[in-house]
Every structure is written in structure tokens, then in C-alpha cells.
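Worksheet: one structure, shown below.
Chain naming follows the written order as A, B, C, D, E and F, and within any one chain the residues start at number 1.
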Amino acid sequence: MDYFKNIFESAATVFEGLTITASHMFRKPITIQYPDRTLSPVIEMLPSRYRGFLEVDMKICTGCTLCMQACPIQCINIEIAKKTPSPQPSPSRGEGDGGGVPMRLITKFNIDIALCMFCGLCTEPCPTGAIRFSKRFENATEDINKLMFKFVEEGKPVAPYKKSSG
Amino acid sequence: MIQQLSLLFPMLPMWLVQAIWCGVVAVLLLTFFSLFAGPVSWLERRIAGRIMSRIGPNRVGPQGIIQWLADGVKNFLKEDLIPRDADKILFRFAPYPVFLGVTLTLVTLPFSSLLIGADLNVGLLYIVGAWGLVVIGLIAAGWSSNNKWTLLGGMRSAAQMISYEIPLVLSLLVVVLMSGSLSLQTIISSQGASPVEWFIFSNPFAFIAFVIFMISAVAEGNRTPFDLPEAESELVAGYNTEYSGMRFLFFFFAEWGNLYVIGALAASLFLGGWQIPAGWRNFASAQGPILPHVFEVLMFQLKTWIWVLLIIQLRWTLPRLRVDQLMKVSWKYLTPFAFVSIVGTGLWMVVFPEGWLFMKYLLLFSMLAVIGYFVWRAIWQLRFTKSKADFKLIV
Amino acid sequence: MLNDFALVLIFAVLGILFIFGSLLAGSFLRPKNPNPVKSEIYECGEPSKGSGWINFNMRFYLIALIFVIFDVEAALMFPVAAVFKKWLLSGNGILALAEIGLFVLILAAGLLYVWVKKDLDWAKKVVSD
Amino acid sequence: MIKEKFTFAEEVKPQAGGGWYLVPADKIVEVCKTLRDDYKFDCLSCLTGIDLVDYFEVVYHLFSYSEKKPLVLKVKLEKQSSTMPSVSAIWPSANWMEREVFDLLGIKFENHPDLRRIMLPEDWAGHPLQKSYKEPEEYCGMSTKR
Amino acid sequence: MIRTEEMTISMGPQHPATHGVLRFIVKTDGEVLHEVKPDVGYLHRSMEKIAEKVGYISFQPYTDRIDYVCAMTCNHAYAMAVEKAAGISAPERAEYLRVIASELNRISSHLIMAGVMAMDIGAFTPFIHAIRERETVNDLFEMLCGARLTYNYVRIGGVSFDAPANFKEKCVEFLNHFEPIIDEFNRLISFNKIYVERLANVGVVSREDAIAYNLVGPNLRGSGVRFDVRKDIPYSIYPKIDFNVPVGIGEAGKVGDCYDRYMIRIREMKESCKIVRQALEQMPEGEIMAKVPRKIKPPVTEVYSRCESARGDMGFYLVSDGTDKPYRLKIRTGSFSAMSIVEKIAPGLMIADLVAFISSLDVVAPEVDR
Amino acid sequence: MLTLYKQLPNFILTTKLDELLNWCRKSSVWYMLFATACCGIELMQTGGPRCDWDRFGAVPRSTPRQSDLMIIAGTISYKMAVCTRRLYDQMPDPKYVIAMGSCANCGGLFKHSYSVLKGIDKVMPVDIYVPGCPPRPEALTDGLLKLQEKMQKEKFLRS
């Protein structure tokens, strides 16, 4: 009796499976046709909290290096030079260098995106929200050096942001 | 045909005309085969995509329709590897029987009452024999690679194909009983255009034979649920693990070519082949000598493609059997039933020499009822999850 | 009739030429950079141990043996089946049916024998050392 | 309860966290067998080692599914010998755990059926979870520096 | 007498059935296996050593990578361990969010398991359907914390983000959509005769073996042991929530076969839906983060905390020496012990069964190797 | 014949032929089913319905013999690196490598680890680096498109 039950069960379940796959032929695919055939660019569809590549707003960076300390893998590299102020105002922020006081300049702010693990530990201690996640996610490249994001151009140091002055 | 041709070219010897004619037919069939196997691979991917809620190839050419061409050219340009420890001669030899085994069957497939490569009087036996070549190729591929996965794949394919050849041949016997001939044209012409004149509905045993035929043909074609020889999750890629580039492509070719052969055989043996209703034939004959054949070809293609599509859908629905279950299905289920259907058909023909019309209609309508239930059930499935099927969170 | 088989032959020859030709044409275009690791046997990323050519399990041969018996007998039935309809029309249907039935019965008995002997079961223990 | 049966077991109760029993290395098989058979600790849920610079500690987290309660055993092991009996005959799950401890800490288990490295390649040098472990400069020609 | 030779095949590290980088050295005479030796360590990433180097807070993102398929529960287990050691307790709303996240992640993890299982048996479509549903869960997580796979959401002392504005509605919408999908999935594959036949009576793990080999979670319950950390060693807000623990009953074959283990996961997905619904209803307003110092320095102590991950009882054994870095962190995972039982059960199975057996254990390679 | 062809100067026919062949090659990138860690899940999702690499003609093959592209999806330990290199070697030419995610790019967050290879480019040439941990499927698709651009620019027959 099991013999015929097996045949019947096989036929019935195969039939059931076929109806499901048949019904799927009449459903819309859920594919988002990245990159070009989407209603709006994928980057705009992402939720506001999306953790894409890190970006730094150098205008409000205080140079406190808290993010550098928070990063478990040291993928953020900040170098700060202590300088006595030059007679000329500093290139990026012209006014308001209290003359005479030793000034800190951010000479290097590199984020190694190839190394970054997008954990978000660096954005949390930032006092001004200068370091934050953008929604950008596409940066495939043939050259791994292009994955080093440099927020301070070489030779053009940036003066850190001060709450009192801004 | 050949007589007329030789009249056209009186200066050429008869055998040469014949040879040229045969060559032309062969080239046409090969071209047809290639042109079938390629696009059907694209079609399969699109259908599979739909079943899986995705799209499938749509970038290469309009809607991705020349995807298969790109695949072909790419494999053509791919390095051809032969492992150092492999049996090199056998390794090179293996694709030939696989490819030929499938393509040779095309010679006897009747596309219309006229369009047939060669109407062999042993047609069915020939097809079975030619199909048998495939297994030689698969074993050769499995054995020659000196790789354990391919060996397992080759052995599995051997066990599977020989096991399923028995029910296949036995189910073909039922057709032979009913038609009294092995020639495919005769088999088709002893059926009619109307469904009740088809062999599949002539008696319940013939219907069983048809089911057995379909199952074992799918197994012969190494399609899911019988794709053990190339079981991807178990044997990496089965017998063709070591094959790359063009040689691999021939195995692929054969797989999709097989689809057509299965569909065409099912159509011509059980479903009346190219038979068209008399009304259509009269209408078409009035328009000229070509049109009836066009209708016939279209009818044949229609019947074939239904099975091709069904087998494709089956592949993307079912899981795969295990080796012992595979053997069990063949020897313990299909073969006994094939015996029953042979004797039953014979008995039926003795008892009802003219056929029993009621039973034919009963079978036809129960088939229609199953199809109707299928459609209803599919719509039910659609509605069961439909309201949420387009659910997208961020788009 | 012989014409038809000529077609088969020519078809076969053309098919072989098709494969051979495309492989040959490809050999002019495709790259060839052999290296010792590349021509090793693939085994999931580990070096392959031992040869793949071994005395394989008997079960496969057993199935082959059963197959040969059944296939030959099935082939023998083709001629009988082909003339069955003629016999039927000439009124000898019952005789023909009895013949076919007897033949199938013998075949089925064979199958039953193999079945009961459990030679169809894959997992049957095979003596090995 | 274990205290009554085994006088040599020393109960340790730190201020924070649960306590454990300190068992001499050579008695561990006996203790474990009794715990499994008589006290229904049918599962060894975690076995690990700690390198405490001066000595090793091997920690056994037992669990009883029938009574749903845990028990912790500890064994102190001198660094010189760093050999102790294996409990893999009592709980089969100890087999792999002991192999892991051997691999990463270098503690050898006697009577273990198959004491090989499990995580690291066979030709790896050193036992990385030891506090004194220094990372090699290269392995199989691959530099380990970035 | 014809001699049958054994052949030794290396199955993996790159093999479609070994999900990742497991390796099995298989001795077989064709189809039936005589001996299977798992070889692990291809993904040994030295998590435990890293924990000793980077400190308590910095180690949090690493816990995502221990079990990437179900990262939330790993986060949760680790956070619980450190909280226990340092004497921090998370606010109630955070606990609710943790449970919601964990259960959603359990759904997505079991989806992967069910899909991969179907794929290993040869059906490709259910796998893609599972992936499709998983995408939606990922969308929910993306809304919640901005990442799809490595969340770093559950933190020591709370969670990193509060639920966004329409999170509850989206969650309920997803659950309403998902529950019928499970039924459809079942009709498509779980009840399929071929599928049932492939899994029933295959790789039977007896109750005694399961306990002795320290199987945990669904694998243990598949063998008929009613034990769930959420029920029996309650943590977080699970005591407040009403849910069932499915146990293997051998519905298609013997208790403890592959089909039991598979069906338990399917049932657990439904239970998880139930839990998420309840948690969403009960969730109070309030803080999501307790006061946590910038450098956590637990007292000298040791803690063993257990948490029900998708792969079962996940234990973090934490030894602290009073500094801001763990002295020793041992991660006890379910997959590790599940792998060790393969050696015991596999002989006598066929190659195809081994594939099914491995995927029914739901082994995730980095959890084995860490 | 090929050597003869290689000596031909660049003219319209050869460049067009190259373009055509490259177009075919780039439209049919079969990638190897090879995933080690977290990125493997995203690789699955990439082949899944939301992102669907099949659109570009990219399908997974499980044997290296039939694949053109190896996606290093996840952490490679030293034990695995040996196998990975062997698998790479066993792929027939022309072959390409995408390093997916931080671990494959440069060791990523396992830079503190003693057993993880710091960057797959130490053992094999890498064509495209995809940043992310793990990269979302769209980012990986971006990598594939960049690879296709690269393939299109190659001089296949005259390299």
C-alpha cells in the first residue's frame, strides 16, 4: 500500500511545486536594475543611517584625534603639526589665527577605505560630527592606492575648527 | 525528391547528387540544432529568473537574446585544458559521442509530413541506439579525467542512463504495439489531429506509458530531478569538472539539444506529431502547396515546446534524487508499470479493436481537468502571497 | 532505404567535423599558458591524492549486467510488437497477446527475482576487503 | 556536593562571578567520570585553557541537561610539563576542544585519540594564544606584514 | 573476487556543498562513505587573540564576524558577557530592541539554512526565494543601523540606535508578508516528496549522542532534547514573551534525522515572528544606552555568559584582569561541536547524504574556526 | 597563425575584431563559486534576486576550469591562501580576480591577526579592488562593471 501512497504523494507534491513556480512566472521580479535602469539612483534609495564610505568635513574638524583613537584597526591616520604662526594667514582659514599662540595644523587626514570595517565606532566620539558616513558605496578600482581617502591635501595643512571662534 | 533532383542535374552521377543532398540536409539539421540549443539556454535562464523573482540575462543584445552567442564566443576563446594525468585520447574523444548521440536523433524527427531527414523504417530503434551513444561519452569523460569527482559523475550517469533506458524502451513498445510500425512517420500518420485520436488518450495504459516515457526521457537527458551526474552541490560539476572552454560547451550543447529531442519525441509518439485538423489542411491546401507544411511544422513545434517548457520548469522546481532512490524509481516503479502498460495495451487492443471512445473522452477530460486544476491552483498560489509579493521596502 | 542511412552517415561525419573544426579553429585563437599547477587534477583546491582510476564498486557493474539482460529482451520484443497490429487485424490477436504476455511475464519474473534478491537496492552490502 | 565526595577539590568563590572547583590534574578523569555518572553532568559545554604567564589553567564548563545547572572545574598546570590527562573518553565533545587547546596553547593531553593541530596548518610554529607568542615574519613565502 | 578499492577524496575547501571553507577528507568506495574526517581551520582568524589586543569596546565589531549569518546574537552574547563582568545593565527599551534585532536575524539566518539545504538537495529556486526574503530583513536592519550584514548594533550597555520612526510599521508589514511566505516555502520544498525522502532517516543523531557531542540549539532540539537557553537560562526580556520551543518528533522518519533538524528551523522562524510581534507591542519608551565609561574596566573576574544564537547556545567565557582589555576571551560556538559529530555519524551515509547532513547541521565556517 | 596575427599593425579590422571578441568575453563572465567568509553571504545576495548578476551574463560555476573570474569574497587565512593560489592557477586563461571587501584587499579588520593573509594581492594578481566590509551587492556589481570596462580595453588577440 505504501507503494501506491508513495506514487500519489510524489505526484501531488510535484504538482504543488509546479503550481507555485508557475505562479511565480506571473509575478514581477524584485530586481533593482543597478546601475542604470532604476527609477532613482540606488544611492538615493538607501536609508538615512546607511553606513557607506566615511567622509570628513574638514571645515568643522577639530583635530582632536578621538576618531583615530576609537578605531580598532587604525585605519584613520591624522597628523597634527604644532607650528608657531607664520606671518601670513594660513591658506585655508584666513582670519582669526590668534597671533603668537602656538597653532596646531592638521597636515594629514587619511582614511584607508580598503582597511575600514564600517563599524561606526569613529563617528560616535566626534564632538562636532565632522567624521560621518556618507551613502557612497561604489568605488571599485584597479589601483588599491585610490582607496586611501585623503581629506587634507599634501602641503595644504588645515587649521582645526574651534568652537569659540566658529 | 532525390529522383527529381537528379533530373535537374543530369550530368552528375546519381550517388553524388544523393551525397550532396544528404550533406545539405545534414548541415540544415546541425544549424537548426545549434540555433535551438543556444537560444533555449537563454530562454531557460529567463524562465528560471522569473521563477526566482529576478530577471535573468537582459543586457546582451535586446533583452539579452544573444547571451548564448557571447557565451559561445567566450568559451571559444578560453584556454583548453587537459590535465597532465588524464587519459588524453579518451579526454579528447568524450565530447564527440555526447554531441553526436543527441544530434543523430534529429535525423529521424519528423517536422512535417515532408520535412524529415530520413524516415528510417527502424526509426524508434535507431533513436534509442543513437541516444545510447551519449552514455559512452559521459563515461569516457568521467573516467578519462582521472579526477574523483568526474569519475563519480561518470559512474552515476552510466548507472542512471542504463537504468532508465529500460522503462524508456518499454514505453516505446506501447507505441509500437498501437501503430504497428517503428517508423516515426507511420506512427504519426496512424494518429489523428483530434486529441482523442492521439495515442496518449487511446487507453489508460498508453497514458501510463506516456508518463513513464516522460520521466525516463528526462532522466536520459540528465535534467533535474535526475541531474545526479553533474550534481553541482555534490560532485562539483560532475563528469565535466575538468573540461573547459569549447569541449565543455559541447556537453552543454548536448544537454539543451536533448530537451528538444525529448519534446519532439513526446509530441510525435504520443501527441499526434504534426497532424493538423482537416479543416485547416483544406484551407491551407487551397492557398498553395507550401502552407500545409508550414501549419504542420508550427503544430509540431507547438507540441514540442510545451514539453520543453515543462521540463525547464520542472528543473527549477524539484530537488534531486539520491542514487539509490534513482535506481528504486527506475527498477521498482517505472519498469513494472511499463510491463503492465504493455500487456494492458495489448489486452485493450484485443478487447476493443476499434478503441473505446468513452474512455478516450474520459482520459481527455480528466487531463483537461488536471490542467484546469493546475491553473486554478496557480492562481490561488498567486493570491496567497500576491498582495505582498511586490513588497519592497526601500524602493 | 540505403539513402537514408547514407544521410545518417554523412550527418555523423559532419557532426564530427563540426566539433573537430571548431576545436581546431579555436586552437589558433585561444591562449595557451600551461603551468605545472594548472595541469594538476582539480580536487577542491587541495592536491589530489592517488589516482582516480580505481577498481570501482561492483554495484555499478551489477546494474549494467541487469541492464544488458533487460535491454536485449526488450529489443527482442520490438519485432513482435511491430507485427502485433497485423495479427490483430487477421484475427490472431489473442494468440499474439498471449505470446507477448508470456514474454513479459518471464521478464517480470526476472525482475521480481532480482528485486527479491535485493540486487536492486543500492545500499546492499557488498563484500569488500 | 562535590566537596564531600572529593576532599582534594578546592572550592574557589571570587567576589564577582560564579565559583569553581580546583582539581589536581591527575585526578581530573576520575572527577569527571563521577560527575558524569553520578551527578548527571552529561555535557561538557566548554573546555578551554588560559595562559596565566606562570602556569596554565584549563577550565571545564559542565552542564547538566536533566537538572539544568552548570558547574565549573579548573585545573592548574605547570608550564614545564604542560601535560594532563584527556577527558575525551568521557565526553566525546572534548576531543576537538582539547585539540584546539593543544593547537592554540600547547597543552598536551595524554590518551587523546588524535592530538593534532586543528586550526593552524601542521607546519605552523608556536602556540599563538600563549602570552609570549611572537608572530612570525613570514609563512610559506607569504609575508605576514601588510 | 573482485576487489573494491577505497578512494580518498578531499571535499573542500572550495566545494559548493561546504558553505565556505570546510574540508572533509572522505574515504568512499563509490557512493557509500567509509570514513569522513573534517579538516577545519581554513578560516581561523584568531578572534580570541585579537580580543586580547583591542579592548572591550573595540572588539564589538569583531563579534559580527564570528557568525556573520546571525551577527546580532553574537553582538548580544558578547555585550551580555561584558555587562555581566562590568556590572552594567542595559535599559529596558534597549533590551527590547536587542531581542527584536536578534529574532529578525534568527529569521534571516534560518532562511539561509533552509535555502542552502534546498540547494544542496538540488532545488535552486527555494534558495533564491530565501535570499529574496532575506533581502527584506536586510533592508530592515539597514533602516535600523545602516548595515546589511555586519551590524555592530548591540553595544555594551545598550544599542547604538533607537528604532527609526516607521520601524514598527515596516516590521509588522514584513511579518505579515513573511508568514504566508513560510507556508509557500513549505509547499514548494519542505513537503515535497523527493525532499522528504532525501532527508528522512538520514544522519540520525540520537539524543545521547547529541548531548555527549555537545550539539546545541536547533541541532540538539532536533534530537528531541527540549532545551533552549531563552527558556531555560532566561536572559534579556525573553521571560516576558510567550513562545514555543519546537522539538524534533521524527515526523518523517526517526527522531534526530536531517528532516527534523530542518523543520525545527522552519518552525523557529514562525516562533521568531511571534516574538518580534510581541516585543514590538510591549516595547516601552525610554533610554537606549546605559551610562558606559569610555574605557570599560571590569573588576578582576571571570564570566561565562550564554545566549541562544541561531546556531544554538553561544558562550562567551571572559576572564578580565582589571584592565581595559580582556585577559582571555573564549568563544564557544555551536558549529564547532556540530562539526565534530560529522566524524561519528557520517560513515555509512552516501555522498549526497553527507551534503544534506552537513547543511542540516547548519555549520558556519568562521564559527567553527573563529 | 596567431603569431602572424600578432604582427599585424593596428588597423580598423583588427581593432574591431578585438572589440567584438572582448565584448563577447565581457558579456559572459562566469565566476567561481568561492566564498570564504562574510562577503560570501553578500556574494550570494549578489547572485540573488535583488541584484541579479545573471543580467550581465555572469553565472556561478563551481569548478575553476569553467570560470573566468575569481571573486575573493572574504578573509583568506594562510592555510587557505595556499589553496586559493592553487585554485587560481587551475583556472584557464584568460582569468580575472576581484578582491571583494576589506579582508581581501588588505587584511581589513584582521590586521591584528596572526593567521590572516594581509591582502590577497600578495599571492595573486588582482584586477579590481572593491572596498566595503562587506561591500553591498551593488558595490560588487560596480566592481564587475569596472572589470568589464577593463576587459573591453584589452588587446586580447595581440597581448
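Going forward, a contact is a pair of C-beta atoms (placed from the backbone, for glycine too) under 8 Å apart; a residue touches a chain by one contact, two chains touch by 3 or more.
Quantities reported herein were computed from a predicted structural model and do not represent experimental measurements.
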| item | value |
| --- | --- |
| Contact-graph separation of chain A and chain D, given in steps at minimum | 2 |
| Chains in simultaneous contact with chain D and chain F | E |
| Most distant chain from chain A by Cα centroid | C |
| Dominant chain pairing [most C-beta pairs in contact] | B-C |
| Longest centre-to-centre distance from chain F, chain (CA-based) | D |
| Chain centre separation in whole Å, for chain D relative to chain C (CA means) | 57 |
| Distance between chain centroids, defined by C-alpha means - chain B, chain C (Å) | 17 |
| Intercentroid distance (Cα basis), chain E paired with chain A, Å | 28 |
| Centre-to-centre distance between chain E and chain D (centres being mean Cα positions), rounded to whole Å | 25 |
| Chain F residues counted as touching two or more neighbouring chains | 48-50, 52, 55, 62-65, 79, 83, 87, 92-94, 106-107, 109, 111-112, 114-115, 119, 133, 136 |
| Multi-chain contact residues (two or more partners), chain A | 14, 16-17, 20-21, 24, 29-33, 46-47, 72, 117-119 |
| For chain E, residues contacting two or more additional chains | 7, 9, 13-16, 30-31, 41, 44, 46, 49, 54, 61-62, 64, 125, 128, 132, 135, 139, 142-143, 150, 184, 187-189, 192, 194, 350, 369 |
| Full enumeration of touching chain pairs | A-B, A-E, A-F, B-C, B-E, B-F, C-E, C-F, D-E, D-F, E-F |
| Complex contacts: residues of chain D adjacent to chain E | 14-18, 42-46, 48, 50-51, 59, 61, 65, 68, 70, 72, 91-93, 95-97, 100, 104, 117-121, 128-129 |
| Residues on chain E engaged by chain C in the complex (per definition of touch) | 1-15, 23, 29-32, 350 |
| Residue ranges of chain A in contact with chain F within the complex | 29-35, 42, 53, 72-73, 112-119, 137-144, 147 |
| Complex contacts: residues of chain D adjacent to chain F | 119-121, 128, 133, 135-136, 139-140, 142-146 |
| Chain B contact footprint on chain C (complex, rising order) | 1, 3-8, 10-12, 14-16, 18-19, 22-23, 25-27, 29-33, 36, 38-44, 48, 51-54, 56, 59-60, 63-64, 66-67, 70-71, 74-75, 77-78, 81-86, 88, 93-94, 96-97, 100-101, 104, 107-108, 111, 114-115, 120-123 |
